[in-house]
Every structure is written in C-alpha cells, then in structure tokens.
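First chain A sits with chain B, and in the next complex the same chain sits with chain C.
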Partner chain A sequence: MTQADSLPLVERFGRLSAELTAAERENLKLMLSMAAGGLLVGHARQLSDALRQEALETAQRSLPKLHDGKRPAFTTGIVFRGRAPFFTDADLAAMDEESLANRHRAERFHDHYVTSGAPLAREMALSSDINAFLGERVGPVLPTYKANYLYYDAPGLGIDPHVDKNEFALNVLTMLEHRPDDRHSELILYPPDQDPVHIQLAHGESLIFFADSVTHQRTRTVAGESIRLVSFGYHPI
Partner chain B sequence: MSSMPEMRSDTGQVEETTPGGELDSAALEAALPTLTDKLAALASELSDSEREVLSSIVTSSALHLEKLQDINAEAEYIYAKPISAAATPEVRNHLLALPEVLGFSESR
Partner chain C sequence: MTSTVSVGQRLADLHGSLSPAEQANLKLILGLSAGHLVPERDPRALRGRVAVSEALELLCPYDVADPRGAQFRGRPELLTDELLSALIAEAGEVGATAVPFDEHYLGCGGPVADKVATSQELTALVRSVVPGAQPTGVASYLFYRDAGQGIIPHIDTDIFSLNVLMMLAHDTPADAASTSALYMHYPDGSEERFQLTPGEVVIFLAGTQAHSRTPIAEGERVTILTFGFMPHDAPIGNYRR
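Our next item is the complex of A and B:
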C-alpha cells in the first residue's frame, strides 16, 4: 500500500480536519502522531504487517492534511539541509556560548533537556534574513517566538517518534555540538512511502523541516556522547 | 544579522490561544468530547476495512502514549511538558481511553 488514493481514511481525515476547531485539530494531531510513533516502534505487535503498514501510512499521510493547505507539497518534509546562509560564524559561536551558559537552567522535557527563550536565540529567531530565506522556499511564515536550546548530554537521552507542536510547525534546527566524532545518536525522519531519512548534522549545519507533519525521532545517546542543538519555530501563514 | 519588528501570529483562533499564540490547555481539554463525537461519527460511516485501520490508529496511539508514560515513571522526573501538542494529563488520559470509548477495545 503506497498510494494516497488507496488510503481512503487519509481523505476522510482531511475532510474531518476542515470541520474541526483549532483545539480539536491539535488533539487529533497528537493522536495521529502518537499512532505513527507506536506503529513505528512496534507497540502494536498484534497487528498483521499489512494492517500495521496501512495504519502507519494513513497516520503519516493524514498529518499534513490537518494544516488546511498551508503546507506545500513535500516528499520528506525537508525544506533545506546545509550550512544556512543566514548564520555567520559569529552567530553560531555566540549561540554556542549562550547554549553552554544556559545549560544549568535547562529543564527536562521528556527525554532531553531544554532551555527556552534565551535572549540571543530569541533575537536570532526573529531575523529578517531567516524569514526571507524561509519565505522564498515555503511562502510567508511568522516566527512563533519559540527558540530552544536542546541538550542530549547524558546516556540514554533521545526522543521517541513524534511530531512537534504547533509552535515548531516549521523547525529550523541547527547543530552546535555533537561529540565525540564517533556518533551513535541520530535524527531520523519517517516520511510516508519512503525509507527513513537518517541525518547526522555537522557542526553549524541546519535542517529546516515541517516538524509538525513528518514523524521524527532522535535515537538515544550512549555513554560519553553529548549533543547540543538550537531550534527556532515558525508558522506558515 | 538584522531583526524583524515584533510580530504576533494571528491564528484566527484567538479565543483558544494564550497571548503567546499557544493553544490554551483548557481549550484543548474542552475540545476532547467534541472531537470524540466527531471521530465516532466518522467511524460509523466507515467500511469494515476502514474501521479496522482507524481502530489500529486509535489503539496504537493509546499504546504509544501508555509506553511513554511508563518511560516517564521510570525516569523519576516530572513530566513537565509534552513532546507533541499541549497534552495535559487529562488529554493523555482521554486518548488512552479513546479505543474503548470508540468501541475499539477489542484490538488492544
């Protein structure tokens, strides 16, 4: 089962979404994203392979349908990967420094640590350069005022398959540090109809993707591994 | 790097959002019964095969949430914020019960 038109529930979810309030839609999104996560990690072992695959593809394909046509057609959900032109070396160095300085006040957020609203990151997220870059690729966006430093710096940290909340609909995720060179933890995207996309970001490299539409996870760190990222949220309008 | 003037996202759902533009937890919780009614109406229109897929989705969602709760309990920390959407304990509990509410409990 690989074609959207052979997944009748996808269209039904799309039509249902148009009738929902924003709050109902957010709850449905949570349900679908948790379903995709459960189906990916095998929590539904009693299902036949065919049914599990159809349910997974239905959940994955339905998630973008919940956004009222405000997501451009995409295959992987990835808008850009590489060294983003809107960050200078000095910008990256400054965020690296702020990330380190704010580690002590990071709060545990599921299976990793997060510092929200640090001044420099927040200012960076409002950059007109970023806005213009995103606008050229996905149409108009608004910054959501969400700028987080993420820390996976103890053994076993990671995050199971999920989609992001609305504030990170379009996520600009930038690697500040991943050590040692022998890496274990990785970011994996699960676009429908395709093999998983395994991503190891280099220092200073950014990934821009529709994090509210594509199921993704960070696999667990091992002893001695440390990862620091900065994440900005944007919302297509 | 130049900065933009401050802008606020207008989601068109002002009554459901905080000043920061996030969906309000109370609004999300209040939306659960109506969403459940709409999902029940959807389920009633489905063929047997479609219903089976919906059942698998609803059940897998509950199983995954349950598993994540188990992880949280074992981690000995407070589940301060959700990984997706604004899932308060009431939202999570509602989704955990959803398979049975929709008559899908046979597949768990």
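Our next item is the complex of A and C:
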C-alpha cells in the first residue's frame, strides 16, 4: 500500500479531484452532492444510522476538499451574513421592483422559479464594491455573470439538499421579500462535522457562502407564504 | 490538467485501493448518488449518471455480458402452481406481522420461501444467467398495501446485490387508470417498465442497476418475494443481515 493509499477516503477524493479536468471535477462534485442530498432527505433508511452517518460525513467533508488549495479554510462555508455594505436602500428597492416585474417570465427549476439575467441584477453583480468586499474575505474572485431572481411563492416550493453549480461557487444571496412575518420555509446549511445551520434572512439581508461546497436546502413553503431572493454568482481564482 | 481515464474508471480504481470499510462507504455513496440522480433531467445529471454507473458497473462483482437491465424474466419451471400457491399462502401469514419499512411492509421469509432460497433449482436458474452466483439464504416478503407506497430509485446494498424478484400477487382496483410497476433506470435517462404478473420472476443486478417501484393507488396491493444472491467466495458478512 502506498502512502496515498493509506489516506482516508475524504483525502482521497481531494487528491482525485486534483487530477481531474474542471468538467470532471464538476461531475464528481455532483455525485457527492447527490449522495449527501439523498441521505439528508432520508434515502437508504434500510441501512444502519452509523453507516448512513459515515457516508454523509464523507460526502460533506469531501465536497470542500475538491477545491483544496484554492479556498480559505472551510468551516461552515459562510463568508458573511448581514446587511451588506455594497447594497444601498435604493439598490435593494430597485432589485425588488425588477424581481416583481420579471416574475412573469420566471421558469420553473426543480421546485422553485428562476429569472436569469435581468439587466439591473446583472449590472449589480458586476459591482466593483462587491468584488472588493469578497476579495478582502476570500481572495480574488471573478463574477460569473450569473444573476438570478428566485421565487418560492406558491405552497410546497423549496429545493432539496444540494450544492450549486460552478457558476454559483461563491453565492451572494439576498432576501428581497419573505412574507408573512410568521415564516415557515427556511434556508438550512449542512456543514461537515457540525449541526445544521438554520437561517432566516431578514429583508435586505445577504448571505455569502460557498454554495458549491456546503450542502444546503430551502425547506418547503406553506400556503400564503412567498419568498423572493436575488442570487449573484462568483468564482474564486 | 487533462485526464485520459474516465471519472468512473478513476472511482473504480480508487475503490480498489481502499480498506474494506472504506470500500463499503464509497459504494454506498455511489449507490446513493445513482439513485438520487435518476429523476434529474439536465445534462449535468446525465454526465453524473454515466460516471457513477460506469464506476458501479466496473465494481460489479458478477461476470455477465451486460450488467444492465434484467438478466432473466419469465416464469421459471421450478415455480409450479403448487409452489406458487404455497408461497402466496405463506405470504398471507407473514404479512399479518410484517413491519412498515421504507414505504412498504417487510416480512422475513418463512419455511417455504427459505427452502426455495437455497434450493438447487433456484441456484441453477440464477447461475444459468449469472455464473458463479451463490445464494445468501436471505428471502424477504415485501408488501405494498397503503396508497402511495412504492420505492424511489435506488441501488441495493450487498445483501441484495443480485436480486431474484418474484411477483406473488398484484391486486388492482377495477377502475385503476394506471398500475404500479417495477422500473429500471438507465444512465442515459431512459427507463424500462416491468409490469409483472403473478409467478413472473426477474433476476437483476440490483447492486448496480438503479430501480424503483412506482407508488400504488388506493385499493391496489402488491406482494413480492425476493431472494438475495452473492458472488462466489464473497465475504459472507457483507451479504447477511
């Protein structure tokens, strides 16, 4: 057995990733995220809790390893949460308006609705203020030119545990509206070796996180609940 | 960096260099991934299915020409009318105490099923399509009784990595618009429906081939008997509960 062979499976995934092309790495990431997502929604219940937990931890801990050497130390995957200084009240109001105006052209993606590439959102995503803010925290990043409005505005909408595509490796997710005040749907992050992180974003609040590395979900909306978000994608370089 | 070996092959190579416990862990991750990828329709999911299927097929411990789909489907000679009646009667007894388990009810085998599980006739049938396979001796009755019960796409663990699935009974309401069926899901996104009739048997590599049962409707009931087989000289501990 070589030295590499004696490494735990998590480290082996990291090494394997380093040998892959970007497309292959994306493929491996999808496989691991599907395994983690499957376990988090209750697949393989016929197996013992210990086996399921080991597989889940392996998948969760391996996902950040796929980017070894290119990312800051990974804990929860959260880079920032709060009212971001790069958005003014006017910016938020303008995106809120554009989000509403574009609802009619949103397309269903899994169990929610998405409008991509609305002009204002795209322009905002290219802001040098955001780039500088992210650069200070995670090192240089490039905008991926991906800006989506997300709508969870009918009962039962949500998204099961997953990790994002490369275009949203670093995701700047901002809440535009969540009503009524009695909220049911929430964002949950599942960082490795830690309890899940439950997040209710306030109006105008942003969450910046490594969405391609930490498994996350939005739990289902109930009758009368409506959520609108805007999401910008960045890629660490 | 450019790699010339596929991701599936690399995962299979990785498997080969792991400890038995980590091999089981990797196999579980691949199986979960394959099952969860089935309903996904985008091109990314297609690449994922192809890679994970390739890895699982490379790890397939059975010597068959094509590990996909049914290795056998039909009413085997060993299943006489008398034996089928005895198994149906035994299923009735076992069903009374079957426990809810993952969207169906599970009952252990009984004397009749257990005898079939290790019979020379069944082993010969399985070996005629999957050379070298050995019975695990595990027989389980499965009952789908409550509307909505079924099983989502998945890959089985080692106990049923080679699965002999026998349909015992399928009762459908007279006005049923559609009926529950076994499906096999292929890496390219296609699927194959198996609408089995009582007495019909399907032998397939359930540890490699993603499969599911669509949910039953109100008034519909499905009773199945499954037998597990394993590769020749396999570590028996992996193949028994």
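One rule holds for everything that comes next: the second predicted complex is superposed on the first by the 229 of 237 C-alpha atoms of A that agree within 3 Å, B and C clash if a C-alpha of one lies under 4 Å from a C-alpha of the other, contacts with A are read in each partner's own complex, and residues count from 1 in each chain.
Here is the rule we use: a residue touches a chain if its C-beta (ideal position, glycine included) is under 8 Å from a C-beta of that chain, and two chains touch if they have at least 3 such contacts.
Computed from a predicted structure; not experimentally measured.
Aligning the two structures on chain A places chain B and chain C in clashing positions. Among chain B and chain C, the chain that touches a larger number of residues in chain A is B. In the superposition on chain A, A:63 makes contact with neither chain B nor chain C.
After overlaying the two complexes on the shared chain, residue contacts for A:172 are found with neither chain B nor chain C.
In the superposed model, A:27 lies in contact with both chain B and chain C.
In the superposed model, A:121 lies in contact with neither chain B nor chain C. In the superposition on chain A, A:214 makes contact with neither chain B nor chain C. In the superposed model, A:143 lies in contact with chain B only, and not with chain C.
Once chain A of one complex is fitted onto chain A of the other, the partner contacts of A:12 extend to both chain B and chain C. The clash between chain C and chain B in the overlaid arrangement falls on one stretch of those listed (39-47, 129-137, 165-173 or 219-227), that is 39-47.
In the three-chain superposition model, chain A touches both chain B and chain C at residues 8-9, 12, 16, 19-21, 23-24, 26-28, 30-32, 34-35, 37-39, 43-44, 46-47, 51, 54-55, 58-59, 165. Of all the residues in chain B, the ones that touch chain A in their complex are 1-4, 6-9, 11-13, 16-17, 20-24, 27-28, 30-32, 34-35, 38-39, 42, 45-46, 50, 52-54, 56-65, 67-68, 71-72, 75, 77-87, 91, 95, 98, 107. Against chain C, the residues of chain A that register as touching in their complex are 1, 4-5, 8-9, 12, 16, 18-21, 23-24, 26-28, 30-32, 34-35, 37-39, 43-47, 51, 54-55, 58-59, 165.
Of all residues in chain C, those touching chain A in their complex are 1-3, 7, 10-11, 14, 17-18, 22, 24-26, 28-33, 35-37, 40, 44-45, 47-48, 51-52, 101-102, 152, 154, 157. Put simply, chain A touches chain B in their complex at residues 8-9, 12, 16, 19-24, 26-35, 37-39, 41, 43-44, 46-47, 51-52, 54-55, 58-59, 86-88, 91, 107-111, 114, 123-124, 126-129, 131, 142-145, 159-160, 162-167, 235, 237.
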